[in-house]
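Can you keep this structure in mind? I'll have questions shortly.
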Amino acid sequence: MTKFASDNVTPACPEVVEAIIEANAGSAASYGDDAWSLKLRGNLSDVFETDVLVFPAVTGTAANALALSALTPPYGKIYCHELSHINTDECGAPELFTGGAKLIPMPGDNGKLTAGKLAATVYGRGNVHHAQPATVSIAQSCETGAVYRPDEIAALSATAREHGLKLHMDGARFTNALVTLGASPAEVTWKSGVDVLTFGGTKNGCFAAEAIVFFDPQTANTFEFLHKRSGQLLSKARFVSAQLNAYISNDVWYRNARHANAMAKRLSDALAALPGIELAYPTEANEVFVRLPSHIVDKVQGDGFEINEEELDGTAARFVTAWNTEIGDVDSLLASFSKHCN
Amino acid sequence: MTKFASDNVTPACPEVVEAIIEANAGSAASYGDDAWSLKLRGNLSDVFETDVLVFPAVTGTAANALALSALTPPYGKIYCHELSHINTDECGAPELFTGGAKLIPMPGDNGKLTAGKLAATVYGRGNVHHAQPATVSIAQSCETGAVYRPDEIAALSATAREHGLKLHMDGARFTNALVTLGASPAEVTWKSGVDVLTFGGTKNGCFAAEAIVFFDPQTANTFEFLHKRSGQLLSKARFVSAQLNAYISNDVWYRNARHANAMAKRLSDALAALPGIELAYPTEANEVFVRLPSHIVDKVQGDGFEINEEELDGTAARFVTAWNTEIGDVDSLLASFSKHCN
Amino acid sequence: MTKFASDNVTPACPEVVEAIIEANAGSAASYGDDAWSLKLRGNLSDVFETDVLVFPAVTGTAANALALSALTPPYGKIYCHELSHINTDECGAPELFTGGAKLIPMPGDNGKLTAGKLAATVYGRGNVHHAQPATVSIAQSCETGAVYRPDEIAALSATAREHGLKLHMDGARFTNALVTLGASPAEVTWKSGVDVLTFGGTKNGCFAAEAIVFFDPQTANTFEFLHKRSGQLLSKARFVSAQLNAYISNDVWYRNARHANAMAKRLSDALAALPGIELAYPTEANEVFVRLPSHIVDKVQGDGFEINEEELDGTAARFVTAWNTEIGDVDSLLASFSKHCN
Amino acid sequence: MTKFASDNVTPACPEVVEAIIEANAGSAASYGDDAWSLKLRGNLSDVFETDVLVFPAVTGTAANALALSALTPPYGKIYCHELSHINTDECGAPELFTGGAKLIPMPGDNGKLTAGKLAATVYGRGNVHHAQPATVSIAQSCETGAVYRPDEIAALSATAREHGLKLHMDGARFTNALVTLGASPAEVTWKSGVDVLTFGGTKNGCFAAEAIVFFDPQTANTFEFLHKRSGQLLSKARFVSAQLNAYISNDVWYRNARHANAMAKRLSDALAALPGIELAYPTEANEVFVRLPSHIVDKVQGDGFEINEEELDGTAARFVTAWNTEIGDVDSLLASFSKHCN
């Protein structure tokens, strides 16, 4: 297991561990009626500067699929990037949870959708022969490590609204994008037209904690039944809520993401400067994708570093940094590359 | 929140907390390739004295629905007790995960199915007009707190096999039943003909840890895809596996269940001896169901104890004990009842 | 094949055959934009004395399942009689089309639900643990051949509304019930609170023609997509619409049903008068259910008549009459019974 | 309605009308136990020179979706052309009937998939994160009117088998392809590796008659339940079977398709010879796609001909000929084009 394989190889950060232990003191009401869960909604409403509805979940796959099921009828279409996690890495969960919606994979530079491409792809509303346009889903940061700027999201949202589509954001690495953008959570989401956010904690310091955040309570109308039916309503819900409360308190989430992004930048800048190596995508969050000569791959692996070229598009190697990435590990990896590239 | 509302109001026990903290040291492979997850299969194979396949899950609802989806085609029938959790308390999760299977709720004394009733209910195999008989699902201990003896399970299993049905056991309170029966995990499951067990840890000392245990690997053929697709494959799987490993080690699970059952017996025996109170079901695990005169309910509630009569069949009050139930709390409750009944 | 096996062993009646031939002259727009389909809505609106929305289908199973899918969310409950066709004879079609709704089978005298029993069965609205009460489905005439009177329907409907439920009527044998009741189509449906009717033509003189009739256009909001997605939107829709137009014109449907019912009454009255034979259910439409001594069954079968005791509840023999039943065939059957019973 | 809008605007041909009338004489067993349905399997086995299993259906959408559901698990991938009917014109029916399978739309010259492109697209077998490769679906003739040669099908099939995929053929216009190829039904299907065929009759002379044809009975193992559950098992199945029996007898299907193809060739050849008009796809069956200057479109429409440019890829006008296309109508259309193009 390489330390750069993914941000999901990481442990939970100390504050989240503390929160779990603290929440474990004695009995508490189940199924979300506990103090931690009741506080979570207020806390996230503060973070997003608007009254949100929140439903915790324990995997990003479930959280994404559930969010999509709130926005998409079974005969609906979900527009997404062809490299998106919902399209390639969830083994059909969106199809299961929506009751058979159809994902429409689209190309797009650096893993990002554009309003223009979206407008050119949507068709068939009201025509009974066609699955119906329903939802656009983007990831922030997206699968290539690139980040959507608020104006890009707003443009997508405007096009979506013109075509009667809702906008979902897969925020498995949401905080990494926030750090890069220097924008507020509100600016990156509902102020730019996002309807529902999958708010990820797992990759950035939690054990297993995601939240489906609704910016329009109306959209979440009957969602509690979809949530329960999917097996994501924990009886001991306090232990997920407690993670999230700690995660969004005291700068923990930002601190973790800042460190991860800084480590990615350090790695990316140095790799890009080496002869024979080129970045496959711009490094804008905590993922670095590089195209490598195969003899370099072999030699670096010979030094004991694992390199996975199967990720994403099959042509670039991915290195992911995280809240706990040690600068020494970055520099050791760079030393190996440097030795073999020069 | 009354302390006897459910065993899911409990915290995790110390050994499980320790295990989470221990598993949190450093990075580890994701999606079940970590050391804890890899050990879990061996550990549970030891416990069950046979080579089992194991898939962790974080809610009982998901674990039950997933187990049923491995055994039941979308046009299949699942025979279950009318009071069963899968029938009444999972908001349609079994229907979602199976793609539309039909639950056939059956009556039965004390919440238990019988082989005779099952034989009389199954019909229609091979007749294209009828949803097809596929699966029998029983809970151990069941929703009334009653326990199936191995010979009862074996009889159900024999009838099931005669009719080409698979047998699922919902073991949300499996250990409580083991303690009562004094039988081995193997005797209560595969040796009595159970094909798949939902092995519950959450109610008996874990944070959120269940496992779907297959006694016949063939049945789990393509299950890994159903598991992933349902959103129950955690990226940081080690944190569920670590809970389960600690739970089944060093007598922790038995110790917890023995205490819960002893507290239930203490409560049950004393309540049953009071004038005007009768047990609704035999107390065989960690749940006590009693029928109470309404003036008694009012008075005991007046003493600050919460009594929930809406549970299960709407006519009996349920008291659930757990690994952390304090004898003083049992005796305070009994003192209140005693004062008002005499 | 006995002539009394079912009303689906019958040919189409002459007017329907004529209509198909007439509709076959030349090309016509597809998918329901043809003249026959466009007229159908008006014709059925006349018949029902209100503006209805109509979607043709070719099987009763599809029509029922589609109608239910318009009324029931995937986490919903459908209350129905335990003997109902949707519960026992559609191999899970309602579950497929609704995305996993749960049928709640209920007992009831003569195959009919009652408002009282319905009220006593519904629970759990708004409680996230329970599949949600959504729909009541009754058959008219029902599976026993009994008929709901308008006041019985109105009582069910009132209870349904109190509990936020919609009311579906499976009218596979709708006209047989109309004839018995001497009530108008409107009185038996929307005036008694029916929201959606499966209007059957196949059993009473058509080749294969059913219609899903919405009395509240709002309920059919997005139904056109469910209809197309289910494979029930015929490209040459005119051939189903033409059948239905002919069927409801010039008294054809009433004439056919009157004859069927009269033949059933003749058979029922004579059988009931024989020693050793008793009616299992009152004969109110075109189905006769009798309980027969087994030696009588053997002897009558010895005379060349087929008797099927497996139908419905497994204890009564069913004889179904139809628009084309010949009085001579009724009398031959009766002669055989008479000979062996006396 | 233009006469060239589609081959589904056509009436049934005389032999099919006769067959319906003939089958309407008296009562017959229901649900496929009638003489016509029982003969259909033998007849189609003769046609395909192998023992086939046959399940009738009444729409191509249902037949395709059902066929795919026999080959594809709910977590499976179906590889198809991006212009294919299953991908664009069935409002999500394949997703419904398969329980959520994922269509993977692929580009390809003239609407056809190639073995090479397929091989380059398939990935992820056994990797739990990815929906699993399951099925390839091609249309014969395909949506552009082009036809797969047997060697092209065999190459696709070989690649499919290498990757563990089954091969489905959507034969809505199967006979038009047969006529073009001069190959036997067997050569174009199972001898080239097709596992399941949707055999279409509706567009080429039937009222509404399709058949799902299994060349490997093993694949159809539990299909009868999927068939019934989908609402495609007609009670009066004889009326679909009778159409198909007549259709494949006495050269009817070939005669109809030969005429349709000849009319398409006449139209295509003459249009292609006109200045300013170019064929969008080669005319190989009964569909003609041309790219037209917009002023020509206006003028021809001014002469009373309807031209639909929205079909298929939005840039070409489609003209479809059929069994009943009159040569005079072709020549009138050509005269209008000729007048305005020269």
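What to note about this one:
A, B, C and D are the chain letters, set down in written order, and residue numbers restart from 1 in every chain.
As a convention for this text, a contact is a pair of C-beta atoms (placed from the backbone, for glycine too) under 8 Å apart; a residue touches a chain by one contact, two chains touch by 3 or more.
Just so it is clear, the model here is predicted, and its values are computed rather than measured.
In this assembly, the chain whose C-alpha centre lies farthest from chain C is A. For chain pairs A-D and C-D, the one joined by more C-beta pairs in contact is C-D. With each centre defined as the average position of its C-alpha atoms, the distance from chain B to chain D rounds to 51 Å. In whole angstrom, the spacing between the mean C-alpha positions of chain C and chain D is 34. If you average the Cα atoms of chain A and of chain D, the two centres end up 41 Å apart.
Taken residue by residue, chain A touches two or more other chains at 31, 74-75, 90-92, 96, 99-100, 128-129, 132, 225, 228-229, 233, whereas all remaining positions touch fewer. Here chain B touches chain D in the complex through residues 31, 73-75, 99-100, 128-129, 132, 222, 224-229, 233, going by the rule given at the top.
Taken in their complex, chain B has these residues touching chain A: 1, 3, 5-6, 8-12, 17, 20-21, 23-31, 33, 57-63, 65-66, 90-93, 96-97, 202-203, 207-208, 225, 228-236, 239-240, 324. Every residue of chain B that touches chain C in the complex is listed here, in rising order: 74-76, 88-92, 95-96, 98-103, 123, 128-132, 314.
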